[in-house]
């Protein structure tokens, strides 16, 4: 059995273009650039359509890593999975989390399952497949491949599945039309939700959280269908899904552990505590355990209320509801985790129940 | 000894102009309009200079209460203390809290101190006195008068002091100049901070939290001087301070209790839990106790970080830092209290430590 | 033939609740409150879903006018047509325009057609009729009735038709469903566009601008169908359309004249000049003529560009496109008219061509 | 006498990171990269403190130009003057204007003065010199040097002076303090205004628009002191002023001409027409003349009104006043120029009268 060591490095940034922290760790030898598999980041933008901090951060990282990897910037963007989530509302603090992986012996005395990471991707989709069963099915297959890559066989060992997925542009809509096919939507903005939703449903199918007979018309409509561990985000730069599976595996030699819970709503403090407790970081933390990061999805509950109290996030023409939701859920998680440098991302279609979302925690063991 | 019964009614609103909930309770006899002392509300606006939801809410309440009290709208506004805090960011839910008081016998079997409310006001200030020692000293005197009105002698029994205070307008600045005097600032916007800050310092002096020898130049500069229980808000409609003291008193026959704690920073979950616990609503709530409301002040820490993690609230040109802070602190408190219908207000000069603020909780005993 | 004198009074406001200017003119006898037919206003809000300045302004006006008219506030709101447009972006200046009408002899020497105003309303609509042909047809009938009320027979004498129309709420959607009928949309927000669009098409049908065979599926889809003089705005408080026709009539004894033009896009300076010139207020104004107000609709062109230059209004997650459009068109009109106290309103579905809109001007003759 | 040919290329961008238009023109030989002197751009951000589109655009341009110039990215940023103005509100359209210069014979038949460009820079400033007379005096000297570089002797031939100037950071404030000196302000944000203001005053001194005896306390206070042609913008990346003078010179062999006027307020359409007319692009454009670009500064008038009508830009907590001002002035200029691809920038301290600003126009002659 192949055994791997996974590294997780949370690095504060001073701006979306700031790569100095990562470069310093590469310079000191703390991070081997060739071992970098994925970088998840929180950037300063609004998280909306005109959030340029995400692409700026990716461009800055690719430009800086290119000479270290002997690759062009474009090739770096192909090699490493970059997932930037815009919006550090409230106490949220801009940072990146760098995931590395290398072959490594598992020490003799190591017991229990440890953090493992696996990746896979689907084939390119046709525009008319986005937000529909083709995307769901292919994503499910890719999730299983990523699990295998991570050395995980039991779906309950999967605690967070981050997916990058495509969106529609007017060119792509036209291309489908030229073939005589209609896309799920003609709006770029809503195609993002369709693609995120179908991708999350793919995770749920792969992990057996829901049955596999999802119909096209269920996407973005049946909010009883969801994954407890999916976190999906759509971008213009690709036409396939990139799947990153984070879980615990007996084949991992890493010094990290991951756990998760599901927030039923945006004020579900108990779920956050449960996720922390699952990796030994509850009210009374286990000795030798330290928080690395929390990963969560947030959204304004679509019915306009949280536990019966009306919220105003969906009627605010000044601030988008995703910004409100990240600020509030970020405040809660930061309070319970003791730090604002956590990954709270918006847009949670089929990712946790309506108004809620998954919350995963990675702990370092010493 | 005069004994009083204090009532506290939290009523959800469907908009800033919605008075139907309060009118229904008056109609059913649940609330005697002549007993209403103060109404604190959270409204939907941005909490900034152009937040018209506050004055709209007050106008709607005055118009609706006028016939019930046999008074003009203007007279209602004089009689009842209205404090509207704009901004229901994130999960915060618009509502009003109505405080009533009437003479009442204390039941024979009642033990311990119970919620009591007292009010007082200062003389009118000259514009040049705002934000300076005159306002501090006069406020301190009024706080003591309000304590006496509440039947409270021990400062440690005071748990929340809400103050309405004046601000400067260009006319008021000119009037001072015509007398040969300079005001603390010429900007209306910053005069609000000066007035809030001096008023909070007045509370701190009255309760012995700080020494009484505050100098004019300490206001808005020495952030080591603050009150743990002050919550101040400035408005254009008055030239004096209105002081509302909330505490526990042996002379109260009410079925409510109040407690408080101080948040050291915006993610101080322990302080929120401590405030809840102080009235029997901690992790394992005492039987027969029910949450009525939480009252807290929030602000973006002026040094740009929370426990060492950089925040971006003060550099955001799209969303004001007070909105960010309310959203985040509101998310945390709502998570721990189990409801978004809580009173979280922004602008915490000299109200708790820099970046933190007081948090008070009222519980109903059955 | 009945002859009428129409008055038009533009009054600056100091806030959405400021009625002092109107009250002063009533106090001085300049305005007879019983002659007030309609009040159009620009208020300080964001013009979006959570813009409470519109209802606040109406509430303040009704409360103030009630004793002057010997009516309840509610009855005032029924009697006078209030149309408040939120959003005074850029140089736009908050104000109200009061339209009055009374029977009056036309002076012997008066020549030409003068400003006339007519009103009418449709029957109440069923929720399932909104945004569809029933609303179009009934509105067309009401426009003709309002023309007759204004003493206008020739459609080319109609220069501005302001309409207030209903929107859908979840209750109304449910009521339709209970009857087995589907509404045009289930979203409140998009129902506003449907209702505005169908109402504008009704104007176009009435004035012969388009053929009368509009199908339900043309609404919000065929942007080649539009009226050059319609300005529609939807509100929650009514289930019928209120139609206000402004034009010139030989039966009018007023000292005002109205004209209009159509902006082809948001930078159509020539159209604004043409509208001004049509009432003698062009580059070299005719003597004895004075600008009263300009009424215009603005929107971000749906194709994302203005004369080939890309705009960013539709991708801005921080500021809604209607705010951008009002600011820009307001800047242009204010520059050409010489004042920011003009009525520029957003949301121009079927009101002028895509990205453009009608612009009308009222001049006072002395 | 050295004669030069100046090129001006306006290139639309599809995003802040889009360099494809410039690269295509370099690829086709239309632009010689070694001749590029300065690039002025409008980017999509908010123009505020957290506008990262400016630095993203500069980073993208430097990365793309580096191989073309055989320099590192850092060296490109030193060689070319990049001035990015964030904020394309309303109809404003993102674009860059590339200025090139090379030695060239002036054709025999060429008559009149033509567009010329000159550059110079000051020495590095001490933090305590920013916003004060040292910055004013040194800037004045640099403006004269840039005029000489442009071959301009008569100040009336100078029509636009773009300056990049430093700002204060907490480190710089501390460095001054360590020397026992106080800076003009301790806030980064207000230091930008001080630096812009002093730089503009330097232009005014150099051109003889005002006397040279400016005192430190006049900066940001005496709004009767201003330049009619200065446009200044501060950035963190330098400690000296970079001065770009645009004017007409008999030593220029270029096919462009520049002119300017001063807007007295934000709705000064006459001034915009006058600037257009000054280069033959008025109501009836001269044959063989074509608009290249308009350069203007905009601001909300500090007294809260425009020609007596109250504006709400300064009280808006949702949208900063600079965004409002750019949207409105941009709408007016776009309407009169016939395009939204114009350079309208905010923050006009001592650049034109209070509430107004300079407006310059470049025309191409064929």
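Should a chain be cited, it is by its letter among A, B, C and D, assigned in written order, with residues numbered from 1 in that chain.
Note that a residue touches a chain if its C-beta (ideal position, glycine included) is under 8 Å from a C-beta of that chain, and two chains touch if they have at least 3 such contacts.
A quick map from chain label to UniProt name: A, B, C, D = Cyanuric acid amidohydrolase.
Everything numeric here is computed off the predicted structure, so don't read it as measured data.
The pair A-B is the one among B-C, A-B or A-D whose contacts match those of C-D for more than half of the residue pairs. Averaged Cα coordinates give chain A a centre that lies 40 Å from the centre of chain B. One finds 42 Å separating the Cα centroids of chain A and chain D. With centres defined as mean CA coordinates, chain D is found 48 Å away from chain B. Taken residue by residue, chain C touches two or more other chains at 44, 46, 50, 312, 318, whereas all remaining positions touch fewer. Arrangement of the chains shown, judged by which pairs touch: all-to-all, with no pair of chains left without contact. Listing the residues of chain D that touch chain B in their complex gives 46-51, 312, 315-318, 320.
In the complex of the two chains, the chain A residues touching chain D come out as 15-17, 44-45, 50, 52-53, 55-56, 59-60, 63, 318. Residues 12, 14, 44, 46, 88-94, 266-269, 272, 305-307, 309-313, 318-319, 323-325, 327-332, 334-336, 338-341 of chain D are the ones touching chain C in the complex.
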